[in-house]
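Worksheet: one structure, shown below.
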C-alpha cells in the first residue's frame, strides 16, 4: 500500500473558502452569493477583498439560484453557496430549469453535506444531493476528499463552462493530497494500485478508504483504490479498468445508497462488466444528532466497515 | 462591443406626448393583429399551447419590442442576438406558457424567420412548448415554463448590468396566478434591497388562471399594496391599449434606486370575441371553425402577412 | 407468451381520478388538494361530490405539501396533486422534512410524468422524480402501468399508513390489467413466464414490454416479464428469482437512467447476483416538445428498443 | 376522545385585567428563568445549538404553554400527548433551530422528564438538534429546522380543525430572518383566503439572523404592512414581557375568519447581559466561563431546580 500521510487536519469547506478567495483575485467575473451563511461557507476573505462582488441573498435559496442564472447573462460566473440541503433539495426545480436546462455557467457550492455536519441532525444532513444533481443533464457533480482537493476543484470549476455542483463538508479531516495539485474534472485519481479488490471512494470516505487499504495490505490484500471525485461525468474507463483487474468492488461514500456513487458504479458494471459490488453508505435512513465521529461509526462510514465489505465482496468473487 | 444601431427610445421624467407616435401607433396595431393571428394559428396547428394569456399580452409585447426596448441592430436594422446582451435592454418571460406571443414578436422583430413559427411545439423545433435556450433560438435567454422563476433571473441580469456599468434596462413579464409562487416574493424582497432601479416587472393582471378566476382559486388581493410593502414603485397600465403601454413604460421611475412593478390590466383572449375574459382559454387551442371565426375578426393590415 | 389484450385506451391519470372519487365515497378522511391543476388531475368528480374536502391551493406547491402534512395531524389523509415536476423537484425539501422525515400520512399524487406529456416540453417533462422519491426514507414509490392499475393503486395507498409518491401520466394508452384487481404495494406482478431474459418494466413501458415479449416470442425467445409497479420498497426477491433463472435483464421505464428502476435493479444484482443488464430509458438528456408517440420513438422508449436491448444483453450472457 | 382536564384559558374581546394573574406572573417568570438556565446549559454541554433566539423567545414560550394554550391534561395535571391533538390547542415551531427553548418548556410543562434535557443533541437522543417526530418525543408534531415550512403546516392543522368542527386554536412561531423564505408568503396567502381565523402566527422580531442584522442581510422592511396586504389581522407585542404576551394573546382577533399575525419584539439573547441584541449569539454556545457568568445573572426562584 502506497503511504499517505497528513500533517494537518482541515475542513473541506475551508478549502472552498481558500479557493474562492484566490478566484476573487484571479478572475474578476467571479461573484460569490450566499443565503445567510457567509461564515459557514468561509467566504470571509472573498467578502473582505471584493465586497462589491459578494451578493448576500438572505434566507431565500430559490431566488439565489435564479439570480445566479441571471448574473451569467451579464457574463458573470456566480458561485451560489449554502448548506447542501438548501443548495439542492430546496431548489431542485430552480436549478433544473434556470441552470441545468438553460445551461448557465452557475457553480452551486454546497457545504455541510452528509452526516458529518453532526449535531444539527437529519433536517440538515442531506444524503441525497449527489443523487439529485447527477440526474440533471448538463450538470457536473464533484465531491472532493480533503482541503487541498477542494481548493483545487474550486479553482478548476471556474474554468469549466457550464453548471457545476461542488459538494464539501464541515468536519476537520486529514489533508493528504498535494497542495499544488491540478484538478482535472472527470478524471479519477488512482490512490493505490492493487489487484484484490477495487475500492471506489469519494469525499470524506477517501481517507477511510486509505486507512482500510492499510489494514488490508497488512493482511496481504492489496486494494485498488480509486478516488471518484467527479461523480458526473463519471470516469467509466477507470472504473472498468480497475474491476477488470480485481473482479470485485466496494463503493464508499457519505451518501444514501440509492442514487449515490455506488449506484453509478453498479450501472457501469451491469452494463459492461457484471461483478460483485458491496456498498458503504447510508442504508435508507435519515441521520441524527451526534458528533461527526459518532455518526460515521453508527452509520458504518468507516475504514473498518470498508474492510468488512471488502472481505464480503472478495468472498463473492 | 458594438454600440451602433440602437432602436432609440425617449426616456424622460416629463409626461410624454403620445401623439408623437400616432402614425407609428397604427403600424404597431397592425403588427399586433398579425401577432394575434400567428398565436391562433400556431396553437391551432398543434392543438396545444396557451392562446388566452398570449392574446392578452400581445399589445404589451409589441409595444415593448417595437417601441420601448433599446435593442442591438445591425446596419440593416436586423436584430443582433448575443446571450450576454451587454449594453442593450433585456426582456425575460417568466410565465413561459405564453410562448406563442413571445415567439411571434421575436420573429416579427427579425430574430428568426417568421416561417419558423410553423414549427411551434413540433418535434425538433427551436420553438419549444415553453421557451428554451437549449435549441439556441435567438431572443431567448433563459428557459421558463415552471412558474415563479423569471423575476429572480431578471434580478440577476439587472444586478449584472449594474456591476458592468451598463445603463440599459431589464424587463420581465409575469402572470397574476404566478404571483402565488413563493419564489416571486423572495425576488420581490431582493430587488428593492439591492436597489435594482434598472428593473421593471410587469404583471399580466387578467384575473384568470387554469382552474378559474384568480379570485376564486387563490385571491391575490391588492397586489399594489403588497409590492409597495415590499419596497417597489408600483404603477398600472391598460395592457390592451398600446398607447397606454408606451406612455407608462416611457415614464421613468421616481427614484433611480427603486425597481418598478407595473400592474397591467388585460383581458385573457383579448382580440378574439369568444375568448375574451374566459379562463377556459388559458390553455385550450381553438378548433378549425373557431380558428376561422377568430381570424375573420382580425383582418391583416396592408403590407403585413401571415407566416 | 401469455396473451394480453385491450379493448380500451385510457390515460392513467383518469385512473387516479376514478380512484380518488371512489375514496371520496368510502373514506371520509380523504382530502384532495391541488395547485391550480384540478382538471389535469381529473379531480372533477371528487370536487363535485365532496367540495368541502377539496383544498385548492393555487400555484403554491411548497405550501400545499406543508398544508398536507398539517392536515394529517388532524387525522386527515391528504392527497396532494399536481404535475410530477412540481410534486417532486419543486418541493423536495418540503417533502423531505414535513412529510418523509416526519413520517406523515401524505399521498403525493403526480400526473404528467415523463416525456409523454408531450408538447409542453422539457420544463414539464420530469424524468428524475422516481430517483428523487426513492432516496427518501419512509417513502413508498409507485408507478402504475395502466388505468386499472392506477385506480387500484390509488385506492390501496389510502389504506397504507405513511408517505406515498404515486406517479402517473397524461397520454391514453391500452388498458390491459383487470378492472377488479387488488393492488399489493411492494409485490411485483409477473406478467409473463420465460427463461431467456428478464424484462423489468414500470409505468407506460409495461405495455411496450408486452409488445416486445410478443415479438421475441415469435422469434423463439421467451422473456420473463416482471412489472415493478412499486419502485420502493423494491421486490428484490422477484428480481433475483427472475434473473437467477434467466441470467440477464433489461429494465424499461420512462425515466432518466440515473436514479431510475434500472439503477435499483443494478444495485440488487451487484449486491446479490451480478448479471448483464441493459437499460431502456432516457440517457442523460432533457426531453423536448412533440407528440407522445414521437417522443417515445425519438428517445427510444419502445417495444422495438426493448427487443434490441434484449438481443444485446442476451449476447452478453 | 377525552375532553377532561383542560388548562383553562380566558378568551374575551374585552381588554383583560392582567393583575388577575399577578401572582402567577411571578411564577411564570420563575419558570422562564429556569428555562433560560436550561437553554444555556444544554447548548454549552454539547458546544452547539442556538441560544440567542431561544433566550429571546423564552418568555413567549412560557406564557404560551403555562397560560395560553388549552392543553390536554390527565387527572394529575400531567399533559397527555397524542399526535392528532383533537380538541386541544396546538403549537408548531417553524424556526426549529431554537429547539432548546421548545424542549425545556415541554419538559417543564411535563411532557417528558426534565432530566432528559441533558441528552440534547447527543447520539441516540430524542432531543434532536432540530425538533423531530422520528424519535417520538411527546409534544413535537412535526420536524422543523429547514426554515420556512412551519406556517404551511400550521395552516394545514388549522384547516383540519375547521373540518373536524374542533374549536381549538393553532399557534406557530417563526423567525424574522425566516420571513425571507418564499414558502412563508405562499402560506401567508393561503391562511386568509381559507379564512383560518383559528390560526395565530408569531414572528420573533429580533432583527437578527446568522450573517448580521436582518436589516443588513436582507431588509424585511415593514412586516406589518406586508401581512396586512396579504389579508391578516396584524398585532404587536413585547415578547420579553410575559404580561404583555399574555395580554396580547388573550385578545381575540377582530374577525373570526381572519388569521392573526403578531410581530413579537424581542432581543436576541434576552436574559444574558453579554448576549443581548447581538446576532453573533444566534448559533454559538457559551464556553464554561461565559456559562457561569450567564447563570450567575439568572438566579433560580425558590422551589425551581435545574435539570
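A few comments on the model shown:
Per-chain residue numbering starts at 1, and chain names A, B, C and D are given in the order in which the chains are listed.
In this section, contacts are C-beta pairs under 8 Å (C-beta built on N, C-alpha and C of every residue); 3 or more make two chains touch, one makes a residue touch a chain.
What you see is a predicted model; the values in this text were computed from it and never measured.
Any chain touching chain A that also touches chain C appears here: B, D.
Distances between chain centres, each the mean of the C-alpha atoms, put D farthest from chain C.
Chain B and chain C have Cα centroids separated by 37 Å. As a whole-number value, the distance joining the C-alpha centres of chain A and chain B reads 41 Å.
Counting partners per residue, chain C has 57-58, 60, 62-63, 85-86, 90, 93, 96-97, 101, 122-123, 286 as the residues that reach two or more other chains. Touching of two or more other chains is recorded for residues 132, 134, 143-146, 148, 180-183, 186, 189-190, 193, 218 of chain B. Shown here, the protein chains touch in all possible pairs. Taken together, the chain C residues at the contact with chain B in this complex read 34, 36-40, 56-60, 62-63, 85-86, 90, 118-124, 286, 288-291, 294-295, 298.
Chain D contributes residues 83-86, 90, 132-134, 141-146, 148-161, 163-164, 166, 182-183, 186-187, 189-190, 193-194 to its touches with chain C in the complex. Chain C makes touch with chain A in their complex at residues 85-86, 88-90, 92-93, 96-97, 100-101, 122-123, 127-128, 131-132, 134-137, 256-259, 262-267, 269-271, 274-279, 284-286. Taken together, the chain D residues at the contact with chain A in this complex read 46, 48-49, 96, 121-125, 127-130, 132, 134-135, 143-148, 177-178, 180-182, 209-211, 217-218. Only residues 31, 52-53, 55, 57-58, 60, 62-76, 78, 93-94, 96-98, 101-104 of chain C touch chain D when the two sit together in their complex.
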